[in-house]
Amino acid sequence: MATLTVHPDRLLPTEPGVREIARRLYGAVRDLPIISPHGHVDPKLLLDDQPFADPTSLFIQPDHYVTRLLHTAGIGLDRLGVAEGPLPEDRARQAWRLLCGHWHVLRGTPVRYWFDSELAEIFGVTERPGADNADALYDQIAEQLRRPSHRPRALLRRFGIEFLATTDDPADDLAAHEALRDDPDVSTTVAPTFRPDRYLEIGRPGWAETVKGLGDAGDYASYLDALAERRQYFIARGAVSADHGHADAGAEPLELHDAQRIYRAALAGAVTDAEALAFRRHMTYEMARMSCDDGLVMTLHPGVYRNHHPETLQRYGPDTGHDIPVAVEYTRALQPLLERFGNHPGLHLVLFTVDPDVYSREIAPLAGFYPSVYAGAPWWFLDNPSEIRRFQEAVTETAGFSRLSGFIDDTRAFCSIPARHDMSRRLDAGFLAGLVAAHRLDEDEALDTLTALVVDQPRKVFKL
Amino acid sequence: MATLTVHPDRLLPTEPGVREIARRLYGAVRDLPIISPHGHVDPKLLLDDQPFADPTSLFIQPDHYVTRLLHTAGIGLDRLGVAEGPLPEDRARQAWRLLCGHWHVLRGTPVRYWFDSELAEIFGVTERPGADNADALYDQIAEQLRRPSHRPRALLRRFGIEFLATTDDPADDLAAHEALRDDPDVSTTVAPTFRPDRYLEIGRPGWAETVKGLGDAGDYASYLDALAERRQYFIARGAVSADHGHADAGAEPLELHDAQRIYRAALAGAVTDAEALAFRRHMTYEMARMSCDDGLVMTLHPGVYRNHHPETLQRYGPDTGHDIPVAVEYTRALQPLLERFGNHPGLHLVLFTVDPDVYSREIAPLAGFYPSVYAGAPWWFLDNPSEIRRFQEAVTETAGFSRLSGFIDDTRAFCSIPARHDMSRRLDAGFLAGLVAAHRLDEDEALDTLTALVVDQPRKVFKL
Amino acid sequence: MATLTVHPDRLLPTEPGVREIARRLYGAVRDLPIISPHGHVDPKLLLDDQPFADPTSLFIQPDHYVTRLLHTAGIGLDRLGVAEGPLPEDRARQAWRLLCGHWHVLRGTPVRYWFDSELAEIFGVTERPGADNADALYDQIAEQLRRPSHRPRALLRRFGIEFLATTDDPADDLAAHEALRDDPDVSTTVAPTFRPDRYLEIGRPGWAETVKGLGDAGDYASYLDALAERRQYFIARGAVSADHGHADAGAEPLELHDAQRIYRAALAGAVTDAEALAFRRHMTYEMARMSCDDGLVMTLHPGVYRNHHPETLQRYGPDTGHDIPVAVEYTRALQPLLERFGNHPGLHLVLFTVDPDVYSREIAPLAGFYPSVYAGAPWWFLDNPSEIRRFQEAVTETAGFSRLSGFIDDTRAFCSIPARHDMSRRLDAGFLAGLVAAHRLDEDEALDTLTALVVDQPRKVFKL
């Protein structure tokens, strides 16, 4: 049986001299608290604090990073319990066996890396998963999941998470967040995030019904008021940011009468695609305006073709592994917004991308001039060592380190949070060690920079 | 006189610890058989088994990698015998002198690397080519080319090529392939590849004449039947794949009556550019449908502006070094095809590109969800160490190693085949050694992965 | 107080074996003369040879690389004296304090690297700048600036600059260049560069007035003649190149009567945007034709959204840090030009970019076929170690080293010229050392290549 070990030097540079510097740097930040200003953990998980049902519901079912890789091997998502609640034990165990039996499929991916860390460090696993030991590992993990030490809140404490943002519908009452805030047993700040996409995309089927969730939105003016009020509601419950994930980064204002007219058409179900697009770009601009007023950090992550495989969407719902990136453009798209608000002291605009081409071409130059613009950490498909290295190089050489958002885990896989942050710290330490070894930075500066990336920068950028 | 040496550690990582791992990995696959599922060797070369005429006809005339680099130095393609048959000795020798005299022009390119390997390992050359020794090297190589040991079949055996795909016109009778298959002297499987581009691009001048080569194609239905029959003809003679190299990756079906109407217009020479484009994208979709039925692997490599310099095309024909890449898009272009066939067990769709931007942005995410999609190895302009490294990083971090096609040499330079595969093995060994050194993979896994890339993966992806 | 040291091995590879090779290579070119065929130094600086006013006017005010980074920290450009002449001492000192107090903002950028070199090597600074020592450093530098040794001409000699190109308006009388040429005290060749952008963009406000600067340009024919004459005027005063920086790389000829008609419309102030665009692309083609005739090297650097923040433009003018790159395309755009002139022996066309995606996809393949096309060195946002490495890899693997322009400093920061060229030499030495260490190149070839990049290649490409 092959062993599973997590080496203390993993991910650090391989050249011994550079590794030695990286070790020192990493050692100084390894145990700093985790700040997670963008993610997808369900607050009810922490509120209810129920034991995780089984390894499959913890590691496989909710994580499209895992299920899409198994899907490539011809495994139907139904066999993995995607879009289902907890499975009967035989099905849960069967799904786990599929994961372990296809362990080689994960080689080279960050998913494998996170799994190694999670299995070793949270569950004490010492064997590499495979077809042979799948059942034994299932039992070993399942047994621990029943212990108090492995309930969500206990893990939250153990992980050292100081701040955890969730992602929430503007119509959500945020009762879970309120309860967590008032619970003396929870010292982590669990903050909601305002995610208004579906309220802004007025051409979506059902939008006229959806928008009622905001309250009175019978005309354009009341719609704006309702959005502003919901933002205040979120802010009062700890929200620090609003998150926007449309197809493109367009942010161009309409004339008021055009916005009013299109809004009326949308309520009547008579909006054209072009009008809906123009309105959404207008509203992105308006959201920036509101951010200047109310201070919510604005995060933007366009450029994803959502639900590329309609049959999978129909059977399993969204976020099931078939969102595919497309090329994205920021320079022209954001010009109207930045012309108006780019120097506004109230605006923090964090630009994420899944198109790495824009790092050096557009994001770094924008973040290298506008005080409001920050380069969001590599995210989603790009949260892996080689793309993180590409990001570090592409952005810092043009914009320096002070324009980085700090790490974003963006995950719904609760147990992967520490592994993801740890990966980031190791890679930042390694990158900075390279600058020291090339005599471009003194080691005290590298250490200061690394600490800033881990804690100071996210606090500043997300106004914590 | 400078020496020419091929170092046993060439292309391996330079850090001694990583190099040591890479050496072990590479050593284990160095002598495995060569599988070449896509290339451009002329099967008649192997059928006739005539000695190569001279060094120029072997190394220069047929290889646009070489002639385009000499062309940059102001050397007219006429002086290199491009698009001519074997040259008179004085001209052949003169062309060879031009190559040797411009040896510095090749520095840093893979062409230089392949040459070094070929000259040293096949012809025992020990001096670096230059103006001074051009004639002596010409004589040394020419002398060997006359020996039985350096005829095509002898080299084929020596190279250890287990499977060699050629690229063929759908109207080809494949007589050479049949003869090679029946020849007990040839143990390599020499398989044809179905390359229907010019039959699908109905707006090309002369298409109405070209299409007659398929047999009865007097209306759309018989055209489809004829294509399907030619595919069967190819399959019966060993073909495993159909290769498509259009200007873009579009694959969107037309309504039947539109396809029929456009087809009729094309036969009448009255098709518009827009119709021809729509029809070609429709036919790419249809080719995928046929692949689901008959099992031919579908390889796609769009994004090349062919024959950028018309005067060169006119004087020397196509494939003479002035095809230039353009940006390419897969996510939207392939959506209709993948919506319909992406999960079909009969489809293997291998995506190649000469636009490296799409590796991490589009190809890896597509190959990281759809079980039918594979990431084709870096190809043409990208088959060099730095782009191969970029590919390895961009694709494997998102999609793992199991979605890679394995190496494709894509060459018409027969003697470069072993050097190209050897380069790939060295670079794969180096990349995997890096993962081992960073403690992301155990060495036994790296070895297993490397072996898969060299032999198992091409066999699986190309259904050998 | 932290020290400021410039290590002799800075920027060289970190692996000791490779570094050793790189040291040898770098050592051989470190002291070669500087050839600077493209930049923005004001020739009057050298003509007048007045002492620099103070550290702020030398290092901050004219350099948008520096001011944009400070601007990201919320520092208004007014506080930095942007677009002002020499400041009163209190304001100059205050701006310098802002720079030193935000020294951390520069970490990881080439600006920091250049500063380190300049401060240490030109001004003997031994302390890292910070809030605490800002005044002392100001005084230390200011004192030296008053010495004869630190006047512009003395520095020019000390920097070892053999050739220095400026960038000039076609209507400029080039009196400063003439005077410098005739001055026995100046041994550097200071050559003008023909930069006709604003004369070719006929839709610009005020163009009809601007064009009068060329002389008689009352119809299209006389306009062409006037441009050709101004080019001759520049050539007679030492110009070797014409520089073009439009929004895109389009170069497509119009029919003569269309060109004439559009030109008339422009003079009448009645040109449409589409006509102006077509005319500018036509004129890019015409400029190539003139280059074939008169031999001026043609440099092209499209793809920049100029003056992204209009308020900053209005207050401080252009070139104040908010030009932002956009995606660019060469393959299709340049096809008409290259179809006609690509093989012309009189044309040298140097392609620059701020969109690094085109290096391997378009520039290298174009430079790898057409003898007229050269790959311009990484420039502006890309003149940093990681992008230079990306350029080296992307271009040389496809096109070899002989297609590179050699380094271009493109700077208006006079004192940064030696630091920029030194950075380039170190990075080229490191890259070539890597090829030697991977046994792809012999060390004598690497040395020959490095020398070519530093002196021979710029001389050849820019016809010096």
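Going in written order, the chains are labelled A, B and C, and every chain counts its residues from 1.
Criterion: contacts are C-beta pairs under 8 Å (C-beta built on N, C-alpha and C of every residue); 3 or more make two chains touch, one makes a residue touch a chain.
As the structure is a computational prediction, the values presented were derived from the model and not from experiment.
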Rotational angle, Cα trace of chain A fitted to chain C, multiple of 5°: 120
Numbering shared by both copies at the chain C-chain B contact, with half separating same from different: different
Inter-centroid spacing, chain C versus chain B (mean Cα positions, whole Å): 39
Two or more partner chains touched - positions in chain B: 15, 327, 357
Chain B partner contacts - residues on chain C that touch it in the complex: 15, 17-18, 327, 329, 331-332, 335, 338-339, 342-343, 345, 357, 360-362, 364-371, 393-394, 396-403, 434-435, 437-442, 444-445, 448-449
Chain B partner contacts - residues on chain A that touch it in the complex: 2, 5-7, 9-12, 14-16, 68-69, 71-74, 104-110, 112-113, 128, 305, 308-311, 321-327, 354-357, 381-382, 384-387
